[in-house]
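Comments concern the structure below.
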Amino acid sequence: MNQLNFPIISFTIFFPLAGVLLLLFIRGDKEKNYDLMRKAAFVISLFEFAVSLAFPIYFNSETPHMQFVEHVSWVKSMGLSYFVGIDGISLWLVVLTTFLVPLCILCSWTYIQKYVKAFLISMLLLETAMVGAFVSLDLVIFYIFWELMLIPMFLLIGVWGGPRRIYSAVKFFLYTAAGSLLMFVAIIYLYYYNYKITGIATFNLLELYNLHIPISIQFWLCMAFFIAFAIKVPMFPFHTWLPDAHVEAPAAGSVILAAVLLKMGTYGFLRFAMPLFPYASHQFLPIIAVLAVVGIIYAALVAWVQPDMKSLVAYSSVSHLGYVMIGLFALNIQGVEGGIYQMMNHGLNTGALFILVGIIYERRHSRMMEDFGGIAKVMPIFATFLMIVTLASVAVPGTNGFVGEFMILVGVFKTYPLFGVFAVSGMIFGATYMLWMYQRVMFGPVDKEENKNIPDLNLREIAMMVPIAVLIFVMGIFPGYFMRKMDASVSLFINRFNKDYQMYVQEATGKNNTNLAITNAALILSQDRSANPDEIKDRPL
Amino acid sequence: MEQALILICSIIAIGTAVMVIFSRNTVHSAMWMVGNCFIIAVLFLLLKFQFIAILQVIVYAGAIMMFIIYAIMMLNLRVSDDSAEPLKNLLNGRYLLVALLLIGLFIIGVGFGPMALKGSMTDPAMVKFGEVELLANYIFSEGLLPFELVSILLTASIVGAVYLAKKN
Amino acid sequence: MAEYQNIYLILSAILFTIGCGGVITRKNAIVVFLCIEIMLGAVNLAFITFSRANSSPEGIFMVMCVMAVAAAEAAVGLAIFVLLYRKTGSINIDKFNLLKW
Amino acid sequence: MFDYVWLIPTLPLIGVLVNGLFGRRIEKANKSIIHWIACGSVGLAFFVTLIIFVQMLRLEPDKRFYDYIWFTWMESGEFTVPMGFQIDPISMFMCMFVTGVGFLIHIYSIGYMWHDEHDEGTYFRYFTYLNLFMLCMITLVLADNFLLMFLGWEGVGLCSYLLIAFWFSTKEFAIAGKKAFITNRIGDFFFAIGMLLLIVNLGKHGIWSIKYADVFAHVSLLSPDLITLICILFFLGCTAKSAQIPLYVWLPDAMAGPTPVSALIHAATMVTAGVYFVARCNILYTMSPLAMQIVAIVGGMTAFFAATIALTHNDIKKVLAYSTVSQLGYMFMGLGVGAFAAGLFHVLTHSFFKALLFMCSGCVIHAMSGEQDMRYMGGLRKKMPITFATMVIATLAIIGFPGFSGFFSKDEILWMAFSSPSGNFMLWLIGVLAAAMTAFYMFRLIFMTFFNECRASEEVKKHIHEAPKSMTVPLIILAFLSVVGGYIGIPKALGGSNLVEHFLEPVIGFGKGKLFQDATGTAIMHGAETAGHHSHTMEYLLMIITTLIVFGGIFTAYMMYMKNRSIPEKLAQKVPLLYRLMLNKWYIDELYEWNVIKPLHTFSIFLWKITDTMIIDGLVNKTAQFFMWCGSMLRHIQTGYVQRYAVTFVAGTVAIVMYYVFLLYI
Amino acid sequence: METLDFILPAMSMQAVWPQIILVTTALFVLLADVFKRKEKTASTGFISLAGSIIALGCLIMTWPTSGGSSFSGMAFTDGFSFFITLTVLLILIMTIMISINYQKFFSRINCGEYYSLLMFASCGMILMAAAGNLILLFVALETMSVSIYVLAAFHKDQLRSIESALKYFLLGAFASGFLLYGFALIYGATGTLDIVKIGKFISSHPHILHSKLLIAGLVMMTVGFGFKVSMVPFHMWTPDVYEGAPTVITGFMATGVKAAAFAALIRVILVPLISLKGDWTSIMWIAALLTMTVGNVVALAQENVKRMLAYSSIAHAGYILIGFVAGTGLAQAGMLFYLMAYAFMNIGAFGVVALLGKEEGEYNKISDFAGLGFKYPMMGVGMAIFMFSLAGIPPTGGFMGKFYIFTEGIKAGYVWLVIFAAINSIISIYYYLRVVVVMYFHSSEGLVTMPRPSRTTVLALAIACWGVILMGIFPSYFWSLATNCIFTLV
């Protein structure tokens, strides 16, 4: 369904690329062109945001189905198609992405002084990839955007990053790619399996949803998807790339990384891993839940003792994403909607935190908390914004963070009260580390000479913080507007999940051999070799 | 009689080949090689391929080997290095490896298995075969393309060799 | 005569292996090349045998081509050896390991 | 008919927005506009409340319920949370004094903060926070559901944090603020769990609502054990907000904030939220005798325990803070024994006199140029007559001097503690002892501050003066209320009609039996009724005993701090251990510090340095290094000797040949 | 006595027009070189370029619509050979274009021999892919090899170059021996050297499958071709030769030789000997695994770009071998696709390396690239694209190639192999990224400078870049080309 009769999604995806082309025509090696380029990129991204506002405006909350759909065959013989669409799950994530990119360009206005053109191009390229990944409904297209995201991000960290930027950038790239390549194999296997069963060559996600996958295969495929997404999220034992990447990345990079890239992981779970493999997801649920809860508490504790503001915020991301994960895996409407909402919140809040840390880093060239103290006195406006964002981050009611967290907790309590109790404890730890940071940085006497004359936020910085601050409250007070749009899609997701799961359960109990899953999978992995490969060979093109 | 001849030739062929390897003197190696070429030509003759046997002698022994010997002389490489100690190296792992290869080849059937033959060597109809005209017929019909390509190959090699060998 | 063809084949295998052995043991580039020629000779023998056995002229033609190739290789190879010798005064292949790892 | 109720929270909100967004400019232009906006908004809110209150009084008691749903706040699937305000006696009761006392304190603040010499504490910021606090508090009391209440609940905690750390340049203040927030958060953790359990378990029965009305109407669906659990969790939440054992630790430290803040937040309003909430959930609590018991015992313990600490403290505000803790303990004790109305009544009177006490102490501190240690005060009676007078009134009220407001409310609680079926003698005894101590330390405070000679430095002495009008007027009003406030709730035994109880009856409603007919509840209801049947004689007797003991406390204070001022020191030397324990607040803070925070901090560092950096990240890096190592090892296969390559080549061939040998013959 | 009556074969010259043009040009260039006036002009290069382009045009004009053969089955005129010819010609054209710049650093390159040898080699490659007969295949292979032996030694005053030629020559001739022996054994088993007839013979004589000669022949051929495609353990020459040879030639070798060798592998082993698949696949399985693992793992430890790319080319051979293991028609198409993508990206990568030079020398160390990404943005972007493509990051041809290969691998049931390939890809990302890291993340010391490249080279790199991107974004065109070509494979 495309209610606009205009390829608006494609426009949104590729408009930044057009911007890249435009930027290419500006001589990048001249200092005097820097501002022009920044302005151009900013206008482009702002326009992009404006365009993307069409999604929520024209979105039909009644239907759970994909909207603004575009479906063009891409590689017919492989069943690849350029298939994009938006539903309640991806709607806000797309808007979040387009919302944050102009802010990122703004926040690096003076921060980025070298290779400005390359930076802006990276940003716009990243935007394309991010939007693309959120709207893709074809597994390969998704994978392409998913991987494409890595490149600009890698450059952002590596070129404009801190002292250990190379290590971090490479680690980021490798770690993420490591997971996703296994997922890639799983995608292909899924395609192959679908083809074997139905005879239709397709990577169309919506069609693959209907595929009945034997439990034993599901486990392996699910595992591959899970690891890829878990790394991206990042879930507890796979998180170590994140602090490194965040600490070294420039502010804009951190913002995008935290606000959007991490969402790819959780979004991936929701869009791909769970609906495709309901039974396996369900079986993995305890593990995921435990990891999520461990992540919430563990990351919070580790965040607490970080000396570096950025790594503190980075670890807090791990903790927050733990919430999202456990919400999604509560597998009920509150949990999932809360999870999605929390994704947006986290994007907004942590993004803002990184912007703010970037602002102060730009002024003081340090992020160590011990170098600060009493900043609230010299930078009252900064202090106000940081306070607002901190509060949103620790989920004080009235801010967006609370709504998401609470919905998640409702969902989790519905399913797993015990995990819920542990998850709630994140409330305390969250407050502990965030306020600890706030107190150490903002409060106390201004005892360092170099801190005494830090200028407060300028108009540009205020301009980028105000929308965030407003949204924090708007989303905290009027979450209904946002959630209503998700309702139908999430319900569909839950219903389909439960239905499929029941089906598989019947199958499993019928066969009564769930424990043999691994053996079966091993068999399946090897069985096809004996089969005649020509069966699948010459199919008409 | 023929069998004996074949066997003797074979032994000589093996012997010369071994001597190529085990001669410390490069020139000697080359000379043994010439011998080897000759004996192979003899074997060709035993298979009733007179033309190719002659070709073997002319091209291999005559041209290529002379070329090589000329090169050896030019490079003044009389005595080779120590690597050609005949018996000392015989139990060298590398020889064992080669022996293994040979045994393996034999086991998987080279020279021992039944062969799928269209004709046999005693087939009277085939006696005539081996004549130059049949070969010529082949070369100028089916084998035209490779034949032409050989000319390109030779051109390339000459061009290359000249380039490499010429001084600036 | 049919029973003899296996002798030819065995001989060809043996010669091939001897050539092989030479290649992997001798240090002198020219001798190594000679050993390769032994291998080619062995292959020629096999071709000829099969040609006779299959009574097809392809084998013979192949042998001719191999000879041409051998000649071409000899030309290029010796040119390389000469070049090397000019450069280093040696054609001991163990002396050349600038390129490694 | 109360559709304009949204005005009450909106008015302070406007204040917040205007002052918060444009305050800096306004302040530069004309400082007084700030407080006009702030006070005006709160005053108007009070006015609106008053109108509603009066309107409500005109209604039948049964019809005094009105739920105004402004808009839907959260909705997800079947679960919706409205942004709704409930007008009923209890919320209006609270709202009245919250806005009223709040308004007075706003006015008082004008004088107090006008000449604030801390340069980081800007005027507009202060009033923004104060208005924000009003907003949150109003939301808390007016909310028609648990979650919205929780918004206010956390909001006031936040404001408390902001205001405690108002003078953030002093590190201790900032830390105190943080401590307050985190302690509150710990309480909220339990509170949230309770709330979530309630939601989910009601949800199992198809009730996807956490509106009070819905919850209370269907509470009988839940198992008693669950209710007990929920109640205890809620109460744990309340212990943080209302500074009860074990989470009271933040309140004394909270005195770091400006004194009006202490008056408003840490005495009059915010800390009473817990009491309000338990009273609001009386239906839940009455279903769980165990929870009630716990509330009562914790309340009693706190009342006593805090009083002991207050005995030795020298900081004027800390003494008041501990007295607050103690008084809150009273309230909970009252609630715990089923005297919800009495508890709320004490909330009301306490708000008057405690606000007054703090404001007076604020005047004193103001006069003493910021000095808070009573050892350096004294003799202020002459110089600050109004302050002195009002402070004495407040003191008399807090110690329960007959005729003052505290007397009636406290007495009611003590009586219920004694007579109600869930109460007992021990509770009463604890209460009475605490009352005695209260009398002692309050008069110690009065004596040390206002009597004898002035011990301040000459420099300070010069500046001692009576507070400006904007400060004294609220004092006088509150003093008046402290006296007469109690008369609306004179117990029946003393010939009164206990208006408070009557007013609150529809909500504290098991008497009506309308909302609630559970067996447990009925039992308690009966108990409460039987309590009523205790003889008045007994009540009089206990009243007299209490009063006498209070007099004893005053007398002891007089002896020790007026007559013979060496006694305290001697006493301290005699029982040094006890003295030190009390002086150091029983080392509770240190206990928390060393047993909870430090180990956790160490553990966190362990997690970071060892688990995260060494093990998890180490594993990642080791994997990468492993491949690198493999690479650097394997590359050495490439020796550069062409012959070795040929050997490998042959070896590969042999391997393949051998594979076929294997395949064909074995 | 029979008379000699030549039955001239049905010579559809369609099969050989490009080759004829190439050879003619080569000879012309040799002549032109003699009469060249000025030493410095790049006339020879441009003449060869013109010739190659004409050859390409000719090829496209003679686009085959169906499978067929000419010269009595000696050369195929099917889509398969068309595709490989196309690839090889593109490689040749790009190589020549890059050489025109490269000769700034190595004036020796600017001679007729160089270009004529390039064209002879290409001619050999093309005929290798088109060969319908093992004789032609062998001669073509040797034509290619001999030319490349010389080209590898083209920096004849550099010992490294000569050493690489020596190694390549000795091992190459050695491997030819094995290959030839394999041919002989196949010939013995089937009685013919004609590929089609071999296939027919095998299918009409099922018992031949048990012929040990056939198996022995297969083994030897595998070894021989394995050498050319640098399959582990026959890969040892690759890094050394790639490192020592002139950079442009390395690019040519890494792509052209590989394409031709894989084409021959498909032609000779996969098509006629498909019935023997069961046995050899497990060997190839292991070989593919080893090939990519060794290639990738050792590449991690390399400091020299060329050497690193050499190992990477080994690794890529491993990936392509998955298609070989899978063996289906689509897998072969995947291999073709991959070869073309690989040609673009590898020529591009080596082309970029060749841009950096000084008088009679090159900058080969990865560290030499420090900071060049921003110093020379176009070059940097190009190199980054090639690197990402080699690493298989979308949207590049490298990714799509992997995608097809992996898909076919999985379809054929080799899930584990594909998983290992994926793991290998992860490893490979590291060293490809290293180049990008060095280019963009390190600051340039200003030591390495890039002279302004000539237009042709820029054009070549642009073509390569476009090829890589185009194959990534619009793969369907190339893909259908490859599949069509495979389905006309006789």
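A, B, C, D and E label the chains in the order they appear, each numbered from 1.
By our rule, a residue touches a chain if its C-beta (ideal position, glycine included) is under 8 Å from a C-beta of that chain, and two chains touch if they have at least 3 such contacts.
Only a predicted model underlies this, so the values are computations on that prediction, with no experimental measurement involved.
Chains touching both subunit D and subunit E: A, B, C.
Counting steps between touching chains, the shortest path from subunit A to subunit E takes 1. Shared contact partners of subunit C and subunit E comprise B, D. With centres taken as mean C-alpha coordinates, the chain found closest to the middle of all protein C-alpha atoms is A. Comparing the CA-atom centres of all chains against that of subunit D, the greatest distance is found for B. Interface comparison, B-C versus B-D: the pair with the greater number of contacting C-beta pairs is B-C.
Our note on geometry: subunit C versus subunit D, Cα centroid distance of 96 Å, whole angstroms. Rounded to whole angstrom units, the spacing between the C-alpha centres of subunit A and subunit B is 68. With each centre defined as the average position of its C-alpha atoms, the distance from subunit A to subunit C rounds to 62 Å.
Taking each chain's centre as the mean of its C-alpha atoms, subunit B lies 30 Å from subunit E.
Among the residues of subunit A, those touching two or more other chains are numbered 174.
Contacts with at least two other chains are made by residues 624, 635, 638, 640, 642, 646-647, 650-651, 653, 657, 660, 664 of subunit D.
Of all residues in subunit C, those that touch two or more other chains are 9, 12, 19-20, 23-25, 27, 32-33, 49, 51, 53-54, 56, 58, 61, 65, 68-69, 72-73, 76, 79-81, 83, 93, 96-101.
Counting only pairs that meet the touch rule, the chains in contact are A-D, A-E, B-C, B-D, B-E, C-D, C-E, D-E. Those residues of subunit A lying in contact with subunit E across their complex are 28, 74-78, 80, 115, 118, 140, 143-145, 147-148, 150-151, 154-155, 158-159, 165-166, 169-170, 173-174, 177-178, 181-182, 184-185, 188-189, 191-192, 195, 525-531, 533-534, 536-538, 541. Touching subunit A in their complex are the following residues of subunit D: 24, 71-79, 83, 119-120, 122, 125, 147, 150-155, 158, 161-162, 165, 168-171, 173-175, 177-178, 181-182, 185-186, 188-189, 192-193, 196-197, 199-200, 203, 600-601, 603-605, 607-608, 611-612, 616-617, 620, 624.
Interface residues of subunit A, counted against subunit D in their complex, comprise 171, 174-175, 237, 239-241, 298, 301-302, 304-306, 332-334, 337-338, 374, 376-377, 380, 387, 391, 394, 396-398, 402-403, 406-407, 409-410, 413-414, 417, 420-421, 424-425, 427-428, 431-432, 435-436, 438-439, 442-446, 477-480, 483-484, 487, 490-491. By the touch rule above, subunit E contacts subunit B in their complex via residues 2, 4-9, 11, 16, 23, 27, 30, 71-75, 111, 113, 116-117, 120-121, 123-124, 127, 133, 135-136, 139-140, 142-143, 146-147, 149-151, 153-154, 156-157, 185, 188-191, 205, 208, 211-213, 215-216, 219.
Residues of subunit E touching subunit C in their complex: 133-135, 138-139, 142, 146, 149-150, 153, 156-157, 159-160, 162-167, 169-170, 173-174, 176-177, 180-181, 183-185, 187-188, 191-194, 239-241, 243-244, 301.
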